[in-house]
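Here the structure comes first, spelled out in structure tokens, and everything after it is commentary.
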Amino acid sequence: MKYAYYPGCSLSSTGIEYDMSTREIAKVLGIELWEIPEWNCCGASSAHLTDHLLALALPARNLAIAEEAGLDVAIPCAACYARSKATEVAVNESEEMKKTIQEVIERKYEGKSKARALLEIIGESVQGDHIKERIHILLTGLKAACYYGCLLVRPASTAFDDPEDPQSMDQLLHLFGAETVDWSYKTECCGASHETSAKPEIGISILQKIFIAAQNAGANCLVTACPLCMNNLDMRQIEVEKYFSTKYNLPVFYFTELVGLALGIEPSKLGLNKHFVDAMPLVQEVLNRKGGEQA
Amino acid sequence: MGTMEQLTLQLRETAREILESKKAAAVIGWEMGTFWYSTAPAILTRPEETERLVWNEYCLNNLAKYLLDFQNTDEKVAIFARGCDYRGINRLIQDKQIDRDKVLIIGLSCPGMKDDKKARELGQNADIPLAKKCEECTYPDALAYDLWVGEPKEAAKPAKAEAKVFPEVESLEQMTADDKYENFAANYEKCLRCYACRNVCPACSCRECIFGNSSKEWSAKANNLSENMFFALTRALHVAGRCIQCGECERICPVNIPIMLLNKKIIQDIDHLFGPYDAGLDPEDKMPLGSFEFTDPEEFM
Amino acid sequence: MFTVQESEIRDLLNVLNKEYKVFVPAKVGDESKFVPYEDNVEFCWDRNVLLSVKDKFFPQTEPLYKFKTKRQNLEIEPLAPKDEPVLLFGVRSCDLQALNCLDQVFLTKGFVDEFYRTKREQATIVALGCNEAEDTCFCTAMGVDPQKGHGADIQAHWLQGKFALEALTDKGQKIIDTLKSYLKEENLEVPETKGFQLQPDMDGVPEKLKGMFDSDLWTEVARKCLNCGACTYICPTCHCFDMSQDVRGEEGFKYRCWDSCMFEEYTLMAGGHNPRPTKKERVRNRFLHKLCYFPERYNMLLCTGCGRCLSVCPVNLHITSIIDKVKEAN
Amino acid sequence: MKRVGVFVCHCGTNISGTVDCAQVAEAAKDFPNVEYSIDYKYMCSEPGQEMIKKAIEEHKLNRIVVASCSPRMHEPTFQNCVERAGLNPYYVEMANIREHCSWVHPNEKEGATEKAIDLVRMAVAKAVRNQPLQKTTIPVTDRALVIGGGIAGIQAALDLANAGHVVDIVEREPSIGGKMAQIDKTFPTLDCSACILTPKMVDAAAHPNINLLTYSEIEKVDGFVGNFDVTIRQKARSIKMDVCTGCGICMEKCPVKVDSEFELGLAKRRAIYTPFPQAIPNKPVIDREHCTYFLRGKCGICSKLCPAGAVDYTQQDELLTRRYGAIIVATGFELFDYSVYGEYGYGKYPDVITGLQFERLINASGPTMGKLQRPSDKKEPKNIVIINCVGSRDEAKGKSYCSRTCCMYSAKHASLIRDKIKDSNVYVFYMDMRTPGKGYEEFYDRSREQYGTQYIRGRVSKIYPLNDKLIVRGEDTLLSQPVEVEADLVILATAMVAQPDADKLAQKIGIGYDKDNFYTEAHPKLAPVETHTQGVYLAGACQGPKDIPDSVAQASAAAAKACGLLSKPEILTEPIVTEVDEKTCAGCGTCLLICPYKAIDLKTLTERIAGEIVERKVATVNEGLCQGCGACTVACRSGSIYLKHYTDEQILAEVNALCL
Amino acid sequence: MSSVELTSLKAKHDAEIQKLTEQSGVDASKCYQCGKCSAGCPVAFAMDYPPRAIIRFLQLGLLDQALRSKTIWLCAGCHTCSVRCPKEVDIATVMETLRILAKKKGYIGDKNIDLFHNAFLKSVERNGRVYEAGLVLTRNLFGRQFFRDTGHGLPMVQKGKISMLPHSIKDNGEVKKIFENVRKRGGNV
Amino acid sequence: MSVNEALDQKTPTENLENWQPKILVFACNWCTYAGADLTGLSRLQYPATVRILRVPCSGRVNPQFVIKAFQKGVDAVLVCGCHPGDCHYTTGNYFTRRRFLLMRRLMEYIGMEPERLQASWVSAAEAQKFQQLITEVTEQIRALGPNRKLRDVQWEQWNN
């Protein structure tokens, strides 16, 4: 399988481990990722609050380049995915919008190249028996609270998974031996838009609820598919802990990191050492279990 | 050898195979006409006749209507079909004039046909423009078929209809009432009432047309402007929601009446009043005048 | 031969228009037909008109008489065609031949149609020779001379930017005499008509057809026919008509109007029986009538090779190809 | 030869005060086919009618035009008059020169007279083309079919049976009773549901005119009013009904336990079972999907234990065809499956239950013997949340309508809870309280004032578990603030929806249904229990959400309609129906799309063409179903379907006459 | 509490609200004020009006009140409200549209948020991509929150998560063109 | 005869000064016909320009009737029936609505003044509406003058 790859701005900075782990596991899973040459920022999460057309046009340029190459686009970042999907839908729904966007980006985009979430693509690629042979280590002992965030499965009309109780990440992790907990915060908002902006007090209380819910459900880590969520849950966890004088100690993973781990990729190659909440002890625990539980 | 010549060979081969293997009792296609710019519908029943088949830029005739000649046969009939023929076939299926099971559709992709009248005028070496009816074609290919001739194609799902706007209709709408009438009357003053438009039309499928049946009191045989207009308007109403926009009526009119001006007006109005609809895409579709919505526009006093 | 410059033909027609109602071949939009001469007509000299002069003698719709019922009485008032001399300027040989055919039908063998006769007698015809054939023309194969209008009063030619006139009848001579002041006498050579592409061989065809009523040929050729009436309505020789009436309350008109043997209802009888139930019988009848029955009765073909049906048939079911097929048939 | 007589009425001075009647009569003499024309003071009077009869005789008239008042007034009068004179009543045509002329143009005498002449001319033109039409009679089979054995079906059957008609009730469950049998108490009186329902069930079973066909379904419906031929599938019960005594030993010993449908999964039943103890007939049925004998060919315990030898594993479904004069459809409703609500946990939280489950939980004969305890841990709930409009008024979930009963049964539930658990708190999340019924608003008032129910105006956005509680989050829209309740139990007032197979049954019977699959009445105001198919009536919630009083009322109304039909041995059919000209009909079926009565069908015609036998389809009209609207005639391009008495020819003749 | 004179307001804002409806593609009149949106909103607790009330403002013609609310600036755009709305009113999109309109009118409900978005888009226009370190700096400077997030800054750099130099793309000005074209079409960028 | 001539030609009997329009009203039996009856019962006056033709349902009105009426010399046609939702036959008027939405546009398209073909829902109770409707339409048609469009003038030609 070959996809155009749109890492997005975050993956080249704050979300670098998402980028690293994505590229690593893609190699093992035989997914060819062709990084869109000279891709541009999709505008999330500012453009759509400023100008409707701009918000549609920015992702359109990236999609147009992918369309030229005849490829669908794999997008790891949930926000980038949501914006790109919105563009794809808008172009396909209205001939008039298609025309306008083509005029604005001065490129041809017919809406043929589809924006696809990386989670969905990885989920598809591990279907079938062949994947069993690839598993090096089962992720036994991980009790993951899968956190999909708000943008990955909304709006409902274009979502690839259920907007209230999505399952794709849970199923993916089950395949690699991890347990996932049933909790009701899968698609609650993490408040990232407030974190990256200027309202910390709002974000903190939103985050607190998420941590408590994960803990109550018996999770020992959080798993995400969005660099903004990651940033928030990981980087700000200490801040929230301080604010409420408590300790959660919930390492946060990108699902790609865990898939990489199970596929036997070196933790440092996956960026697992770059987390704010130290993830390595839990990673080490999993790696130490090996033996009879090796796949 | 050009593509259409190559395809002609494939057409012949396909037709021959069908007749030899008795998959169908007849094959409907095109053959050369008297002049270089003309072809004629060909209805073939013997394998050796298939050598007559052609596929060139002047295969203008819509073939669907010929299926009516096979209403009483038990065997299948094979028919070559582009988008317009395909839609015509669906129209006849929707009007229950022929069973889908009895038709073997051989799908074709149509590059657009050339204007035979212009060809006659300009000569063989000139650059002949596309036929008017093909210029606006939105469905050049058969959308579903049993066999396909040409570049392999995936069976395309019927595309979603879009609300159509016809510039020539719109500009007519801008005229004053009297100018509109004068224009309309001038067009239909010429009408010979030869009924070629009706007889070629795949949306016209009555056993007995009210214009051929004086006992039904509708139409007088007299050829005068008023009766001609009654014919024109009635025909437009009868094909409302059925016209597949193949443009055959207008193309073959011996006195060049722009018949599609009426049909397009109705198509445009249907699209905008009741939602976009393309006749003949799917025989299962609700017919615009055979159905209604509670929420239809309310313009009455 | 008397000639007049093309640019001065309008002066000439203006003179004629005083005495006659003059009709000339003209382009009207995309079509061409004979229209009453007016200053602004756009002449059609370069080719034959799409609609022949047939309807000037045999209109598509023609009232015959008027009737009225009052309580128990029925009154009938016959209608007569208008009494007005007509001059048709520029009729081609093929169409003149067609009039000769119609004359046979409407004036001979003891049947005289008064409506037709009146109009025929009132008409003066100026024939116009053909310099160039269209690709659909085949009059020569039907025994028509494209440069000589049989039955015309004057033969005209359109040569080198001039019209050349030659009287064929006394009536014609009289007209030329009145026009003398506009005309110059000179001798121009009438060239042979160029460009015939179709030459169906009629030799022996009518005779052969007599034995071909049951031939499979008809099934074959009829298949593509749409049974529209384009060929018959455009044909200068077709002359079938139907009677009908227009009644309003106690009054009404009886009229006749063209009919076409290609229509299913043409032979439909009151009881529902149809002796020509399928298009095979109808197509067969059309060609047998033109090429076999009519010659048998009147000793002339009912086709003049004008080629109009070739240009209008939507499905290329051409009389020329039928003739070819008849020739080929065993 | 058509011989028309024209009779112009003065209507005292009502007409002649404006219209010159003599002039009208004189003018009419010149109209084609008019043989006789006269004006008279009172045409509808006895001497006036005599005058018409005499003129018919003397002048051999065979078409009559009466120019007088509206045909809606006196058309039957003059039809009867000419019939007595030996003419077909449909030979009469009326020109309305009073309501449509003299009365509306009193100041335009000339214009009115001219108009009256025109109207008479139009009527003459039409009358000349009028054809004799015959009213026909259809025999009526005096037997009714009631489909559905819930409260509506039972009531309708009892009413019909008491009026002396034989009724069959077809019920697909093993027992009659329907949803009402599951309910604990009824609003607004809080009396026991079973106490009022079960006696009716017994009455129905014992009534000599009622025939119960339980565990049966409708297979096919043919025919038309008065003569419906209905095929009923009697599913194999595996029990010989005539042998079984209903002792119940078999049920005690059956080793298979499955979720009870009647208890909505809150209790188990056996593979051989009656749905509930008061079932009627109180004889079990074997659930072949779960019975070990049917699954593995072994077991047979019930058969061994049955003292009467009533168990019969070899029984087969039986098809029964009967003719009925009338059908009452009373198939009821189903409850909305709330598991589409992700935000309410997709049905995964055991302590989120539906209102009907609650009825079972609080019912003295229910799984807990009426002790209110929550399903997860059997604890007594203290904080209970009731959520209204779950599925109702929710376009996003596909139902836009109000279910009409939930406001009331939620109020009932709240009251019942407080009755049982004194120290409990009940919160009802509602959007609008709808209590339009006798005593309903008072009942709602009591639930607030007397029982202390807390009403919160807002729709719940999310329910999620926290420890052993359920957090219910909504906005109190009156406060404009989000609120949360820590609930022990959540009751969802789920919408009433049509039976899942309602559309299929409708297609079998040939009645209409709306976008939500509820059956459509013939007219929302004037024919609320009739359907478009004459002889088929609706009762209860199959037509739309309804509570018990409304269902019962509609059932009695439907029964009254059916009685009206069945009480006559035959009915007359209006002869103004459509007919097909088979010669020209192309069988395109467009008319079928238009007919609201499904009166048109296609049939195969065999005919000889050019010596060959060919078949073709043509439209055919069922005169029993056609109501004569003529909408189909316009859709027929070849004019092959025509409405008698209003043919194209007749209407065009009127148009032409008007233009002279 | 002063009362609101509804009749004149309605007339005043009808056209504008109509336009808003067209732009957002959302018809506020569909809303029957059940409050499901507000109850599920993760940020509702911080808002001055619940989202439901914003829709109510639009229904009544109180456009200014909607445009001047903090709510529209606090909306996180998570679409929870939209997916749960029983009347399929896309509230999140209404918020977006209102914010765009508010900005056009110069009602900036939250200066910091607005500054951030401006800086963000400037960065995109200039570089084609977002320069996150620069963004953090700009925002803090403008927002006079000099020390905010600086606690995270150092570890970020150490972990190789923030590059100190802006990265831009060689797109021959295509992205700048997009901004220009949007402006030409009346975009308020 | 040229089209313009046809438009200009007037029948000799047409004396414009005393000219009154001829308006054909198709009225469904259940609503509009009854409504027109009520107009009479209520003694509400309207111009004597209309002739009501009774049909069982507005769904029976074939758009072709309209052309025929214009051919024969009617100056305006009014199609009336029950309000949507009130059809005695439930759905007839919904078909009427679709048919005449198209028909009105078609007639306007060929140059017929839109006032000459109108449709209206008049219930059995709407006597006043019926009165107003007829008065208004009559005024409109008086302003437009006699209709020549679509008119069958063959008769007049032959009579000359």
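Going in written order, the chains are labelled A, B, C, D, E and F, and every chain counts its residues from 1.
What we mean here is this: a residue touches a chain if its C-beta (ideal position, glycine included) is under 8 Å from a C-beta of that chain, and two chains touch if they have at least 3 such contacts.
Since this is a predicted model, take the numbers as computed values, not measurements.
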For subunit E and subunit F, chains touching each: D
Neighbouring chains shared between subunit B and subunit C, ordered by label: D, F
Chain pair, most C-beta pairs within the contact cut-off: A-E
Distance-maximising chain from subunit E - centres being C-alpha averages: C
Reference subunit A; chain at largest CA-centroid distance: C
Per-chain Cα centre nearest the global Cα centre, belonging to chain: B
Centre-to-centre distance between subunit E and subunit B (centres being mean Cα positions), rounded to whole Å: 53
Rounded Å distance between subunit C and subunit D, as computed from the means of their C-alpha atoms: 68
Rounded Å distance, subunit B centre to subunit D centre (Cα mean): 44
Per-residue multi-chain contacts in subunit F, two or more chains: 63, 68, 72, 85, 91, 95, 99, 154
Subunit C residues counted as touching two or more neighbouring chains: 61, 246, 248, 255
For subunit B, residues that touch 2 or more chains besides their own: 186, 208, 213, 218, 222, 224, 289
Those chain pairs that satisfy the touch definition: A-D, A-E, B-C, B-D, B-F, C-D, C-F, D-E, D-F
List of subunit D residues in touch with subunit A within their complex: 341-343, 345-346, 348, 462, 464-467
Residue ranges of subunit B touching subunit C (in the complex, touch as defined): 33-35, 38-43, 61, 65-66, 69, 120, 186, 190, 192-196, 198-200, 208, 212-214, 220-224, 248, 251-252, 254-256
Touch list for subunit C against partner subunit D, complex: 69-71, 248-250, 272, 277-278
Complex interface listing, subunit B residues touching subunit F: 169, 172-173, 175, 177-186, 189, 218, 222, 224-227, 229-230, 233-234, 236-237, 240, 262, 265-266, 269-270, 273-274, 288-289, 292-294, 296-301
Touch list for subunit A against partner subunit E, complex: 9-10, 12-16, 38-41, 43, 45-54, 57-58, 61, 100, 103-107, 150-151, 154-156, 163-164, 187-189, 191-194, 196-202, 205-206, 235, 274, 276
